[in-house]
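Two complexes follow with chain A in common, the first pairing it with chain B and the second with chain C.
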Partner chain A sequence: MLGNRIGVISCSGEECLGGTISRLAVRKMMEELKPGMVSTLCLPLFIAGDGGEREFAEKYPTIAVDGCSKCCAKRAIEKYSSAVAGSIDVAEIIGEAKALEKPLSTRYITDLHMEYVNQTAAKTCEIFDEILAKQ
Partner chain B sequence: MSDSLCVLPCNGLDKCAGDLSRRVAQEMAKSEEVELICPVLLNQNKSRYEKALEAGSLTVIDGCNTRCASKLAADLELAIKEKVNVSEVAKSLDIKLGIEIREDQDTQAVIQAVLGKINSSAAEQVESEFVEPESVEYNTFSHGKFIFKVPKANYYFNENDCWVTVSGNMARVGVSDYVQQNLSDILYVDPPEIGDEFEQFDDLGSIESSKAVFEIVSPVAGTVVAVNAGLSDAPEQVNESPYEKGWLVEVRLSDFEEDQDLLHDCPAYFEFLKRKVEQIDV
Partner chain C sequence: MSKIKIVPCSGIGKVFGLLARESVLMVTEEKCPDECETLCLAHVVTGDDEVVGKINGENCITMDGCAKYCAKKSVEETGGIVVKSHKVPDYIKAHRGEEHGTGTYLTDDGWKYAEELAEIMVEDIKEIKAGVN
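Let's turn to the complex of A and B:
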């Protein structure tokens, strides 16, 4: 998993809908948009300090995808590793009020939610491509 | 005992088991009595959940054996009432979860099994047949600032510092005062399943503090008939009363006479422990 040289970390996402979107966007990027090109780092593992996640984020550019302006993922990277290479706040894409709605099980995701996921994933891919172009 | 419950999943994103921990927590959180705790926000801002954690007991759901959620709870010194590991439940069902996040019959079966395990805890407990002694007298010795106590009689110890005390064909198992002092504040007791059969020196669950996890090595062979249910709400009883209220497991003995050959009685353990403490310079 850590063979690729750009990392992406989603927030854990239990506080709000923005978190649900951020998780799904990172999965979409990993599974569909940039398969095999991105290292998805597990934020709980990153915080626990195991698994080489912190070391990866210290060495390689890592993008934080946060569900709301609490920016848990971005703050964790900055606290335990180094500055983020890029960051997304889902609330800036779908609006603060929407982002702060209750989190959802993936079973109840609607087409509108999927549109939010697509927009967030596309924005994350843009940052990914910019970083890749500089390497 | 409180009626409300906090549930802390690991919420891992890079493995199916982590995703299932989240789905189990979301199922539980459909009840108004259950508060779902976001592990990352908890780490960043514990005060966000302080009221809920004070009012309710905590169930931790780990996805895999890295046990991120358990470690986080231990780091923050949160007392855990119950813990479930999604990967272990899947293994018991002979289901391989792997990396890919998926929603199918297998993952649904794992979710239901985890929920069932959480709901059924302590359901099989029978009334204790163990006859408690009226009082226990202790010998003590000190080393530096520490004072260690060992019962004067009726307890037997293995060299892993686990004890057994016997009443007829029944026995209770626990850990010594030395163990509880080493671990410091105990946050969680992970007991074996009632009905489990085990041999002498087999693992018999574990206890955890913020410092370490201690595997309980059984001093005897037998069958688990009860676990100390009081420890799920008050694991600190192991610290406060390691030889009495802090007992861990009640067992029906297989052959205590044979097991006894490999155990220390109280005076022998007292001397053994003194030597051990001096050697490792506690």
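Let's turn to the complex of A and C:
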């Protein structure tokens, strides 16, 4: 999935709702909003450093989509590659308390959760389009 | 005694990452919430003091989606004791020909497979508890 020239890394955190939202927002970008235009990078593989992900993020603009204010994805990109081209903190979109609610299986996703996903994906797309316009 | 930590890879590109994630959530949220808990792999890999404190020297189970074993390696590097390590494709043989979904959603067969993976981890928890007590 490294053929396109704008990368997106989701934290996909397992401890809170924000992680589920970040993951689904990036999947929505891949499948619906920017099909064929997004290179998704696995955060654990990125940090392990053996899949070409770090080199990708050094060369090409990469957006971090984090589920909470720990911003693990953003910090990882900055530590191992270079400055992020943009970052999203789901907690800033849906509120810190909501983002830190219990993790959620996709079986229990409601319309309200999907609205959070849509908002997060839309914000990420705004950054994506700004980057694309500069290229 | 502290809870057993169960960490999936949650890889985003393929269905195996979602199977790992959903099977672990079944165990930590529904099947054995009093015996185990999950940790954010994204946080684990940052090596923050906070997460190292939670995992260092603790019994852990990992569920990886591919042979890169990101969850297992990251937990070990952070000081966790990986008592049981699994990889989603290890149990696929009995499910050949089934469609399990994508990185976004699971099909009915995908959910059945996730349930099977969850039960494997439930047995792990029983074994670990029996060994410790």
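To be clear about the criterion, the second predicted complex is superposed on the first by the 135 of 135 C-alpha atoms of A that agree within 3 Å, B and C clash if a C-alpha of one lies under 4 Å from a C-alpha of the other, contacts with A are read in each partner's own complex, and residues count from 1 in each chain.
The rule we apply is simple: contacts are C-beta pairs under 8 Å (C-beta built on N, C-alpha and C of every residue); 3 or more make two chains touch, one makes a residue touch a chain.
This is a predicted model, so every value here is computed, not measured.
Touch criterion met: A:Leu45 reaches chain B and chain C at once. Legend: residue contacts after superposition of the two complexes on their common chain; A:Ile127 is shown touching neither chain B nor chain C.
Contacts of A:Val90 after superposition: neither chain B nor chain C is touched.
When the two complexes are overlaid on their common chain A, residue A:Met29 makes contact with neither chain B nor chain C. Once chain A of one complex is fitted onto chain A of the other, the partner contacts of A:Glu14 extend to both chain B and chain C. In the superposed model, A:Val65 makes contact with neither chain B nor chain C. Touched by chain B in one complex and by chain C in the other are residues 1, 10-15, 19, 23, 26-27, 40, 42-45, 47-48, 50-51, 70, 72-73, 75-76, 103, 105-107 of chain A. Contact residues of chain A toward chain B in the complex are 1, 10-15, 19, 23, 26-27, 40-45, 47-48, 50-51, 70, 72-73, 75-76, 103, 105-107.
Residue ranges on chain A touching chain C, taken from their complex, read 1, 10-16, 19, 23-24, 26-28, 31, 40, 42-45, 47-48, 50-51, 70, 72-73, 75-76, 102-107.
Residues 9-15, 18, 22-23, 25-26, 36-41, 43-45, 66, 68-69, 71-72, 99, 101, 103 of chain B are the ones that touch chain A when the two sit in their complex. Considering their complex, residues 7-13, 17-18, 21-22, 24-26, 29, 38-43, 45-46, 48, 68, 70-71, 73-74, 102-106, 111 of chain C touch chain A.
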